[in-house]
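I have a structure here, written as structure tokens, and I will follow up with some questions on it.
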Amino acid sequence: TQPAAPAPAPTPAEETPAEEPPAEETPAEEPAPAKGDNILKVGGSGYDGVFNPIMSSNVYDGYVVDLIFEGLVTLDAEGNYIPNLADWEVSEDHKVYTFTLKDGIKFSDGTPLTAEDVVFTYTTIAHPDYDGPRSYAVSGMKGYKEYHAGEAEEFAGVQLIDEKTVAFTFDEAIVSNIENFGYGILSKDYYGFEDYATFTEKNNAPMGSGPMLLEDFAPKQHVILDTNTNYWDAARMPKIDGVLIVEVSEDTILSALESGQIDLAQPQTNKDNLDTINAMQNVSPVTYLGNGYTFMCFETTTPPFNQKEVRQALLYALDRKEFIKAEYKSEELASVGMAPISPVSWAFPEEGLNAYDFDLDKANQLLDEAGWEMADDGFRYKDGEKLYVKWLIYTESTWPGTLAGMAADTWKQIGVDLFTDMMDFNTVAELTMDAQPADRPNNFDIYTMGFSLAPDPDLAGALFDADASAAGGFNASGFRDERVQELIQKGRTTFDQAERIKIYDELAKILNDEVATAIVAYRNEMWGVNNRVKNLDISTYLTWVSFIHDVELE
Amino acid sequence: MRKQPILQVKNLKTYFHTDSGTVKAADDVSFDVYPEETLGIVGESGCGKSITCMSIMQLVETPPGKYEGGEILFDGIDIMKASKRQIMDIRGNQISMIFQEPMTSLNPVFRVADQIAEAIMVHQNVNKKDAEEQAVDMLRKVGIPNPERVARDFPFALSGGMRQRVMIAMALACKPKILIADEPTTALDVTIQAQVLQLMNDLKDDYQTSVIFITHDLGVIAEMSDRVMVMYAGKIVELADVEELFTTPKHPYTIGLMKSKPDMSTTGDRLTVIQGNVPNLNRLPSGCAFHPRCPYVMDICKEETPDLRDISATRKAACWKVFQEKEVSYE
Amino acid sequence: MSDTTKQDALLRVDNLVKHFPIRGGLFKQVKAHVRAVDHVSFEIERGKVLGIVGESGCGKTTLGRTMLRLTPPTDGKVYFKDIDVFAQNKEEMHKLRTKMQIIFQDPYSSLNPRLPVSEIIGEALMQHKLVENKTEMMDRVMDIIEKCGLFPEQAFRYPHQFSGGQRQRICIARALVLNPEFVVCDETVSALDVSIQSQIINLLKEMQEELGLTYLFISHDLSVIRFISDQVGVMYLGEIVEYGDKKQIFDTPRHPYTEALLSAAPSFDFEKIRTHKRIILAGDIPSPVNPPSGCRFHTRCPYAQPLCAEEVPEDTVVEPGHRVRCHIASGKITVNR
Amino acid sequence: MSTRTDIVNRRLLKKDKNVESFWANVFKQFKRNKLAVVSTYIVLAIVLACIIVPMVSPYSLEQTDTANRAQAPSRSHWLGTDNIGRDLFTRLFIGGRISLGIALAVVTLECIIGIVLGTLAGYYGGIVDGIIMRISDIFLCFPFLIICIVIVSIFSSGPATLILTLSILSWPSIARIVRAQILSLRELEYMEACEALGISDFKRMFRHLLPNVMAYIIVYATLGIAATILTETSLSFLGLGIRFPIPTWGNLIQPARELVVIQKYWWYWMPSGIAIFLTVMCCNIIGDALRDAVDPKMKR
Amino acid sequence: MRTYIIRRVAQMIPVFLGIMFILFLLLQLAPGGPSNMLMDPRMTVEQKEELAEKYGENKPFYEKFFNWIVDAAQGNFGNSITHKKPVTAVINDFIGNTFLLSSLSLLVGLLIGVPLGIVSATRQYSAVDYAATVFALIGVSLPAFFFALLLLKAFAVDLALFPIFGLADPLLRKADWLTRTLDKAHHLVLPVTVLGMTQAASFMRYTRSSMLEVIRQDYVRTARAKGLKEKVVIYKHAFRNAMIPIITLLGFSIPGLLSGALMTETIFSLPGLGKASVEAVSQRNFPLVLGINAMLSIVTLFAALIADLLYAAADPRIRYD
């Protein structure tokens, strides 16, 4: 189970099925190769072969990109941005970021990485023909509109100062602007283009400054990377000879781990898998809390969910502890969700949130209060309307089904007529977030999805932002609250962390009470790692790629 | 008397055990075939003519068929007990057979020459080229114009008459001692039938072959055979020299058969008919199988089955009436 | 063409032509025609039997079918009691159908295996509203069944429970139940056992006499034709090459083909077998797609002369009611027989 | 006359035992095949169980028994429970209802479409035939499974979608069978006799042609049910057919895609796997036996 | 013959257009478009809109269809959205593997099914016949995925005799030809077994009934009457004729084979077209969906044509013009 997300190391708030698509499996390799080989073997699936930091749109390609390319900044284990290729300074008004490249940086072909390459990378994203998914990284910068529309020759927001220095100017001062600088830098000489089509042709032949080189890519079979012996930072030269990524289906991943065919893989998080890994002699599990949550969005503009009591009642009537036991088979691997902030974040409120523990009486009481009365047929009615709920469920992941399966039983007991509609993820997205707000009441009452978060707790554009309720925005609930809007805006423009903690504390409490969108659970991520792999310490903010410089194999 | 018979069939019994009962297709059939003679077999559809002859070549499919008993002596061998090899050697070499349907009896996917040459190669130990030459010769002998070209044709390109000639060529390719012709002209037109019959007569003399000629057409039988055997419901009912049989038929069935067929000389308003239907072989009446249709039926006919007895030196019959009044003359 | 036009002709066939197109090529265009029936004329008097003989593929069946308009004609006319059969509209034809019937050759494929005999026979009665209700229908069916030599209790059985001869009786009953005036018998007895053939021929004859029927009797068996017909037409490659009274055809055949046919027919008259010298025609019947030029028979004719390949012989009336299509008969060539 | 009336009356009042219709004959032939008879009983038993079990079961479709989650078969749950504690015995038979129901619906629908179009094409020929056959070509050349996937994954995957999809994709085979049969039947002399007797088009099609094609259709339908069950379960197994919470035999088996489930939770997938296999095999056996019974060529 | 082929190919065009038209119609009705899948959550509504525009999602459906046809006629099937490269290149990546799997399975199916069918037909009602019939019955009744799972569990997991996934060991990619071939074979054993057995079962059933029919034909009896050995009679005379309908089955089994490959590829994690197409559908990667379907339709259409031509080659009675 992996988050399907864009490639850059700093992952912005990601809207994805928190689990991964269904029938993806794939081939890979074979019986354990000769002992003592010094290649890290990673299992996974879903590589599309778009190995370009500004084009890739899935996590797996992202891993490869991050091994081959390096960005200006990167994350540390606490989720803070630290210099990578460059050090930076921010202007007083927090609008201008000036990056100064470190010395001696070279691409793998030996040419030096200069400020021009940085400018090239960012102007390419703004190029009128650009059809990749990174536009937002530059769209907040000065002069983007003009340049992108082809009206300006130059991209004013990206300024080449000297050979080592670049300045980026934003229109607005926002805390999370720094997140835009994690994308790998492309070589202008290598990628430089006449037309945009020739640029994309190089997706399969990446060239960057990172510690690895692409050696071979066989679609749906494997990606092979060799260590870049030319790597510019000799001190951080990888200690392994390369990385072999094999496509293994989720269904068989555990067996592949056990047999030593792969060293590293992320099976679906649940106790069965955890136990299986624990029982393996050569493999150990790594679990950590993910930076994200699963949620359940109510359509709040029309009955029944235009009443807060109904939303709360239904949440009370859903035994999420049992759900966690059913889906993850252990309470250790997930916890009941309360606020749209991950518990890993500094912004997560210490206390004062309602966990909506399973309580049918309370649920009944709330529904009674809200005017929904139980009729003889076992369902509740208000103004002649049945308490009918249409829940859209996508089938790429199992958890929405499990959750709805449990709701089907307990909600029936409180008089809810639940209809679950199964479809694929895209269809759910189309009917909810991508639909016009006016159509949404017809399309659904509830839908469920997962959400991965960026390190910064900024809530703008997310589930509760009224501005994000247009078609294509993430707030499909139609929820609008002035105070919430105010706090969201304040949160992203306040640069003092203590101040921000207070802001997010208040926000969390309001949202927890309103439950326009209920946070279902915080999940752990789980990896299986072969014991021969040393110095690999995967955590919330650091993927295995982050340890490429340190990892050692026995 | 005559020469030694080259083929003796004694008490042949070939049955089919089907879901709806046992079909006695050949029931206690005995007859001899002499060198260079033509033995005609007549009888209505389903009376066991083909099965009798196929039994001689052991070609009845088992199952569903079953040889229930009897002997078939050929060349000192009892075919019924012969080994597979012996049978292979007899088939197509000593005894060969032409089937009723020239349209379906040739394999549609092989060329004419291949099909003839195949038989020659198996039995005469010659190479393919020689065999094919012989095949073309055979085609010429059976009067096929342009035999080299026809040899390269597939059967579907030939007309019915031509195919039947090919069948004859194939059957005679190894100069068999006995040729069994199972209704070889039934599917052909009158003028073509005349061609084929003449050809058979000519070739028979050339090759000094004995022929067993099956047909249900009395006219053809009269022209082709030396002796005639009449079958009814799996049994031989009468066996005699051809002229004797046609001029003085004895068995009521033979009589009826001859009268009911309009001849070129038939006059009058109505045809004489044999009443009733041809019996179903798995539901035969008791006694003489013909008794329900027989105008001369007696009590004994209903109970006991008459066996085939010599009536005179040249004639056998199986009929109580005939046995009783050996010299009876029918009208 | 025909010598005299008799007043009481029930059916008159005038220059009937039926060609079947053969398609081929890229656009399935018509490449050639099978000349199944080519300019055939004759007439049948009420209560008489016209026998048609000829070899396989010469167009006998097509002739019968086209006359009944079971297949659309290419050209020519057929008059049934002065009604132009081909000019009738759907409605009128529907009515006319009850007057003209056909009995087929194959007793196995000519009965619908899924219907009981009573339905097979009675269906048309209901269709044409010749009966008021089922009871009346059953009455009519039972009548005809008995007439055709079957038993009433057999009326509810299915065709597979009958033998070939009995099936042919059912077919006859089906055709006759409508009280037709004219019946085409297309090789009606060819597929039957020898001993059964005579039963059916007798039945047909009885019915003809009893109901005053007129038959077109198609067969390739000369002896059957000779027995049943009043007039005989000899067909060769879509044409009637000789036409006349039974006596004329069988006793004084004028066309070489008729002669050959007669001489080729097997017989069990031993006098004849011993003395008779057969005329055996060489070669096969040519294809009706590209019939030989001139006289169509010239390729197989023992008397053929160059003229025969060039000129199409005319119908020649050699004696009243007897016409021949041959250059010898018309006196254009002479041969030594 | 009176005997005749007798006969008619006897016939109208009760069956005359001398009369053996085609179907009676088929039935007789069919009964000879013991394996097919046993299969018929098995299928009947399965169908009956699918109807009855959910009605008498103490558990309902949604009911979760959280205390006994993922339990192996026991006295209270004969086939165990799934990961949220639903009774798998009950779900197996509800799933059977759906799977069998879908198969039946699909086959019925495709037969109706196929028969109508096939009859029209075969009977009228010419342009009608040309158009219908071209359309059927289009459907025959669709990459079947992939189109199914496109449709069911794109549109809401209720049983109705699946039924429509499968039947629309599979009618051409029936239409072709019917057309071919009618083309050859049309040549039979009894069809010509119909023409000569002036029987109407309608009666000719529905009284003379169709009943003769029916036997083949029934054979096809039986085999079609087997094939449809396989297709439906394959789609469901891929997660593309009918989806939770409606159980079908296919999606009941789906958890087995994980090796862990195969190894640890045999009762999740084994029963439905066996049910599919058994039903499909029995339908195939019945279909084969029917074909032998219907087609005298294959008779023993 | 040539005109026949030309006519058949000409007839394919409307059929092909019909298929693609219906497919377009379906995709048009599909909720969600390719741009959905690529969306980075931080993209603004306008940016998404712009991308949708770039992918041509907003054009009217007939215009899309027409453009696609025109481009396709020139061999341009567009770019796969997720792979960011031409559809033809993506198909090219996968088709070889699918082809390998399908053709091997077909071969296995033929090699097992046909002889088994012959033997069981010639010894009808013998023990061999019953065994073979039961085998075939199980083969057509056992769901392929179920069979695959059982094999996977038994041979790959429990006994660890075969690899669980994949088509080749990437570490051996530079090894010599023989090693690589053996490695590939090792990976293919289980998938080919699954797909091959299903094929074998249907070939066996078909061969058996075809042989049963042919064995009763007159010309087989003629062959026996010539004194030929039973083997020659069966394998030369009978089988040559029984083969003719099998050839037709062969043509018709191609599309089914590809569908079967899809299931098998999914379960055994093989890098083939089947997987690629399922993924393309769920990602709304319409150009790829269209490309794959276009290719499969063309393969199907040509398979039918080739089956007909082979039919004519096998059966001299058939002449097309």
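Which chain is which? They are A, B, C, D and E, in the order written, and residues in each are numbered from 1.
Criterion: a contact is a pair of C-beta atoms (placed from the backbone, for glycine too) under 8 Å apart; a residue touches a chain by one contact, two chains touch by 3 or more.
From a predicted model like this one, the values you see are computed outputs, not experimental measurements.
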Most remote chain relative to chain B, going by C-alpha centroids?
A
Across all chain pairs, which one has the most C-beta contacts?
A-E
CA centroids of chain A and chain C: separation to the nearest Å works out as 88
Averaged-CA centre spacing for the pair chain E and chain B, given as whole angstrom
53
Expressed in whole Å, how far the mean CA point of chain B lies from that of chain C is 32
In chain D, which residues are in touch with two or more of the other chains?
153-155, 238, 257, 259
Which residues does chain E have that touch at least 2 chains other than itself?
30-32, 152, 157, 266-267, 278, 282
Can you tell me which positions in chain C touch chain E when the two form their complex?
24-28
Chain B residues touching chain E in their complex are 54, 57, 59, 61, 63, 88-93, 96-97, 99, 101, 104-110, 118-119, 122-123, 154, 156, 167, 170
Report the residues of chain E in contact with chain C in the complex, numbered from low to high.
3, 6-7, 321
Hey, which residues of chain A end up touching chain D in the complex?
22-23, 250-252, 254-255, 268, 272-273, 276, 319, 322-323, 325-327, 329, 393, 395-396, 401-402, 404-406, 408-410, 412, 420-424, 427
What residues of chain D sit close enough to touch chain E in their complex?
134-135, 137-138, 140-147, 149-151, 153-155, 226, 230, 233-234, 237-238, 253, 256-257, 259, 262-263, 269, 273, 276-277, 280-281, 284-285, 297-298
